[in-house]
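In the two complexes below, chain A is the common chain; its partner is chain B in one and chain C in the other.
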Partner chain A sequence: MTFSPQLEARFAELLTHYPEGRQRGALIPMLMYAQDEIGAVTQELMEELAKRLGITTLQVDEVTGYYSMLHKKPQGRYHLQVCTNVACMLRGGAELYDHACKKLNLGHKQTAADGKFSLEEVECIGACSWAPAIQVNYDFHHEVTTGKLDEILEGLK
Partner chain B sequence: MKLYNEPSPLETRVISKRFGTQNSWRVDTYLATGGMQAFKKACEMTQDQIIDEVKASSLRGRGGAGFPTGMKWSFVPRQSELPKYIVVNADESEPGTCKDRLLMEHDPIQMVEGILIAAKAVGASKGWVYIRGEYRYLIDHMDAVMKECYERNLLGKNILGTGFDFDLYTQTGAGAYECGEESALLESLEGKRGVPRIRPPFPAVSGAFQCPTVLNNVETFSTVPAILNGGGKWYAELGTPRNGGTRLVCLAGHVNKPGVYEVPLGMNMMYFLNEIGGGMLGGRKLKAIIPGGSSCPILSAEECDIAMDYDTMAKAGTMLGSGGMMVMDETTDMVKVALRIMRFYNHESCGWCIPCREGTTWLRKMLVRIIDGNGASRDVDLIGDLAQSMLGRTFCPLGDAAALPTISLVKKWRPEFEAYVAKNPFASTELVQVA
Partner chain C sequence: MSNLVKLTINDTPVEAPAGSLLIDAAKTAGIEIPAFCYYEGMSLQAACRMCLVEIEKAPKLMAACVVPVAEGMVVRTESEAVVKARKTTLEFLLTNHPLDCPVCDKGGECELQDMVFKYGAGESRFTEVKHHVPEKQWSPVVFYDGPRCILCYRCVRVCNEGMGVGALGVVNRGVVSEIAPSHGDHLECDECGSCIDICPVGALTSGAYRYKTRPWEMEHTGTICTHCSDGCKTTLGTRNGEIVRGNNRDRSGVNGEFLCVKGRYAFDFNHHPERLQAPLLRVDGKLEEVSWSRALQVLVEKFKAVRDAKGNVGVIGSTRTSNEEAFLLQKFARTVFGTNNIDHHRSGDVATLLDALSGKTGALGTSADCYTSKAVLIIGADLSQQHPFLANQIRANVRHHKTPVYVVTPGAVREDKTAKKAVRAGEDWLAAVENLKGSLAGEKELLVVFGDAVKGEGLRKLVALGDSLGIPVKYIALVDYANSRGAMDMGLLPDLGPGYHAVEGKAGLTLPQMLAATDLDLVWVVGANPLKKASLASSKAFVVVQDLFRTETAERADLVLPAASAYEKNGTVTNTCGEVQRLKKAADTVGAKTDLAIIGLIARGLGVNLGKVDADNVFAEIQKTVRGYNVPLPVIVTGGAAQTQPVNGRVPSNVLPDLIRSAGDTLFTTGTLTKYSKVLNEVMEGPGGLYR
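Up next, the complex of A and B:
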């Protein structure tokens, strides 16, 4: 399996971060950065990382299954994450999520047929004082209203 | 870099003094505004002197548990031949908390300097900043900041000519609240599932890669340079006895001016809410406050006239926690709050300990049943009893974190739970199935 030169350089750098013989420490960052490039944690990716780190594919698989940001199926090009935890809930996060469901015609962890959008109701993303908050991929948007959400979605090509 | 909320003139800005200023994250700005003086001072001190200064400041961990920082550092066996490590907990994921983000965005080198001082105090030569995966922009930001620190010799070999070497790296999380718990974080750093470890041994003795490790929150490390510059005594006197200094409080919920504010420990909560937070949204009445993240027992309005420090909060049966303060007005449905909190802990329970994995699942199911109008009279007691029986029976505090707010909600707002149950005409008959 081949990665982009940038990702290869990142992997090589990562492996220098850990004590001798403990390079498994690089597994979670490698999964995250590779997922960004490939779009999902595929079987092929898990086998490749297992080989590079000298662990079994099963060990990679059990880690992949544990973390909520690692996913085996591709998400939409724009992955909309709406927080409905307490701080956001108090400022209308739940209504915002309902609005997003209707607007995109998607439910929790669903991806649109054309692959443009996917939706997820997420737990606290650390924007509580500027609630309600959403993330589109890794970008934060604070104090989002239903009107502002429409604008954000319409601005995505 | 812009601030997300207007600062208040009533703040005491010790660790947030550079927030919102131009290029506050650049090495030049940091050096021009007194940066790295504390590190140079530390290099002239013995390891014991550094730790004693931090002890004198009565700085307590800002991540949630509030453990005295100087004492934590003193537990590291310095004579051990194993390498020693520093790990920064930047997994900020306690609901209600959004302060570490600002410290890393606006004044990241302050944190780096705090890390270097801690490293000096315990003889560490390597460290990781473990940042939650959702904060990717911050990981990229920290990578850029650290690159500049290496170029300017604030990290790496022979730092600023002191003969001290230290390497620092970022490490991304991948979405797991549990990894904010120190031992689960260390498992994750080693490339494993984030399940907690049994303690003892504590991380000070056997932490990252089974070596002695100092593990503190972003805010805790960020405070250390100010302590060395101003002296432990000066810092301690900013707060109340045994509760030294200032801390960042993240104000959220039904208030006029939500935001992150730095205030001295011991400030009255109602004063904070009204004078800094601008009072209740829409002039409505206060009903309850979650004082320090959703793991804390919840205070009713009558209990909120209280000093915000660790000891006073403990006496009132709650915690200052991570500083995530969520304010709720009279329109808030406390049963729905209970369910939202439980959905969170149920989702985030790592599944390692049965009382937590099963307890959070059953509590969530019972709360859903009550809200759907299918509750039985006995459910309200059952929720309280089940939560009570989770306390202290798990490897890590996640089980307690789920149980504590639930117990306080049932105890203080019982009529609201009973009103939901009363909607079920069969509530008191045997026709209601418990499953």
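Up next, the complex of A and C:
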């Protein structure tokens, strides 16, 4: 599998951050940068990174499946992730998610026909202190209300 | 030893070595802290929260499986908060878990069931619909039922760390996380079943056992695996006389709970439909079933005639029958027929090793040494394929003690990955070992485990090299099958009697010489298949075969006697390290008799007195007369392993290195028995077969 020279350079630089024999530590950033370039974490990508880091494809799969920022399929231009885990749920996360479903006319892990939005209900994204939290691509939004959600969505072109 | 730390658990003063985990300290003090994910010998996981305890001054409940003991620590394991936390943990674990224990394969021996019974809440607050996914089959052996999984990671760790295979992982997150196999929808692995065995619930089940019985309907018999020569204890579960399960959950025997695919599942040959159940006599050129009395009558007449005419006899013994049977067979041949034409398939040069070590003590390695030795050298053996248990011991040694392992093999082996040095060498292994001399001499001690390439003069040179290192060195000569070692020790050899004493009179014919001889009048084959790829030159020979199946050799026989398998008899076997262990009868095949009983019946027919022919009595004679076998009986009788003493004297053998050749079995083969094990054939056609 080939990547752009820029990505290769980034990988090479990344690997120097980890001590000899612990290069597997670079897996998460490698997956993220590669996903940005390719659009998704494909099977081919998982196999390639496994080979490069000397781990099994299954181990790459474990990491990919765990993190909600990694996707095996391409997402919409704006990927909306609404947390409904305990802290957010107690502060209205579930209602927020329902609202997003209606507003975007999408369900869990669905992408709009025009490719603009995709939606996903996620487990804790580590922003519990400011629950309920949502994530649009790599940007976090805290203490989101239905009104605030509408504003955020309208602001996205 | 390490310093002791004083702490208090449930108002009881407890002392524990510094650095030990709270859960272990409690256990030694007789206090049980319930746990799912914690597993002795595996890495810590702290995934299940079942072990939460209250520690004074700690802000919240702590997981006892990862908290080390500290001086003055005050711990409560049954306080109100702890009891409540456990109930809640169990309530959570049951959120999506099916409550159909009556039809679950694990019912009756499920840790979750037991925990809920002991600590659980009788009610659940969850009213939501349970998340369900269908069951999956990953290999002929391994099935996974996701909803039952409590995500304790035991299976993942035993496969990664224990087996060194790494075929299981956890994918996804939260309520949809589940265990996944190495190859998308299926497994390519050792098929050892360790993951199934270690699973606390009914999430992983085995194709061999599932839905055959309720666990409490089985009887359990701890005996020794009849496949490779490592001597694992396998506890066979039988139902209505049929073996339905093999495992070793009670950790008895040298192997603890380890078993490979053969010890755990390949007991199925025992009930193969082609098992012989009546003697076969050649009548008009064809083998026909006859009664035992007719068979014995023919046999005794024949034996009498050959004995009285001083005819030429060849005797070929087994690498799987018991010590008692091997001993009695050679005694019969030597005393009744006065012949030394006795041999078996030789797979390791134990005779030369014992000779080269003559005068040394403590130079024979045990299976326990594989785990404790401070350095290991493997020469010419693919241990993970051919000696799965010893390989497992060495892996655990590396994992727990960071022991340096040196590998000298012709091809890549699993041990390479964790080896300090891995060198490729075949016939030139000695030169490769000499190159390692500098590093080896720097170790504190060394255990050398070697395969069939190391024999004769080469082996003597190896021992000389070991002597020159200036450190304690022990050796294990690898052999093929469950009693390959015992066969040699018992004197199934043409030039050596029991205990490696020179035979009286002239040395007899070797196995190939017997096959090539044209003047043999009688050939008696007990539990071997020498004609698998060879033929018998003596066309006039009357051939008697005792076996479980109609083998290639049986096809040439004039009389075939149905023999009992190792799982159908009492007696002892000796593993590749020289450890003697007891076989215990677990099952029966109608019509078959043990080789010991058969030899006894023949002797009676001939009017020969071989002493009382029962396993205990013959073993008593072995203890008295076979060098090295004066082992403590209580150890063996209670299911333990007793290492034979070194012979410690010269072994007057003219070893013929060419005769020593391992059959080269893999993880999924076991000589003649391979053909009759359904499970081994399935995994070979399926995923397992791809795995070299």
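The rule is simple: the second predicted complex is superposed on the first by the 111 of 157 C-alpha atoms of A that agree within 3 Å, B and C clash if a C-alpha of one lies under 4 Å from a C-alpha of the other, contacts with A are read in each partner's own complex, and residues count from 1 in each chain.
Simple rule for what comes next: contacts are C-beta pairs under 8 Å (C-beta built on N, C-alpha and C of every residue); 3 or more make two chains touch, one makes a residue touch a chain.
Just so it is clear, the structure is predicted and the values come from calculations on it, not from any experiment.
Visitor: Examine A:107 and indicate which partner it touches, taking first as chain B and second as chain C; both and neither are also allowed.
Guide: The answer is neither, since A:107 touches no partner chain.
Visitor: For A:131 in the superposed arrangement: first (chain B), second (chain C), both or neither?
Guide: first
Visitor: Which partner does A:61 contact after superposing on A: first (chain B), second (chain C), both, neither?
Guide: A:61 sits against chain C, while chain B stays out of touch.
Visitor: Looking at A:53, would you say it contacts chain B, chain C, both, or neither? Reply first, second, both or neither.
Guide: In the superposition, A:53 contacts chain B only.
Visitor: One more residue to check, A:123. First (chain B), second (chain C), both or neither?
Guide: Touch partners of A:123: chain B and chain C.
Visitor: Which chain A residues contact chain B in one complex and chain C in the other?
Guide: Correct list for chain A: 62, 66-68, 85, 123.
Visitor: How about chain A: which of its residues touch chain C in the complex?
Guide: 56, 58-59, 61-62, 65-68, 85, 123
Visitor: With touch defined as at the start, can you tell me which chain B residues reach chain A in the complex?
Guide: 4-5, 83, 92-98, 100-101, 128, 132-137, 169, 171-177, 188-194, 209, 211, 250-254, 258-260, 290, 294, 324, 326-328, 332, 336-337, 340-341, 344, 347-348, 350
Visitor: Across the complex, what residues on chain C touch chain A?
Guide: Result: residues 166-174, 177, 180-182 of chain C touch chain A.
Visitor: Write out the stretch or stretches of chain A touching chain B in their complex.
Guide: Spelled out, the residues of chain A in touch with chain B are 17-19, 22, 24-29, 31-33, 53, 55, 62-63, 66-70, 84-87, 89-91, 123-131, 135, 138-140, 142.
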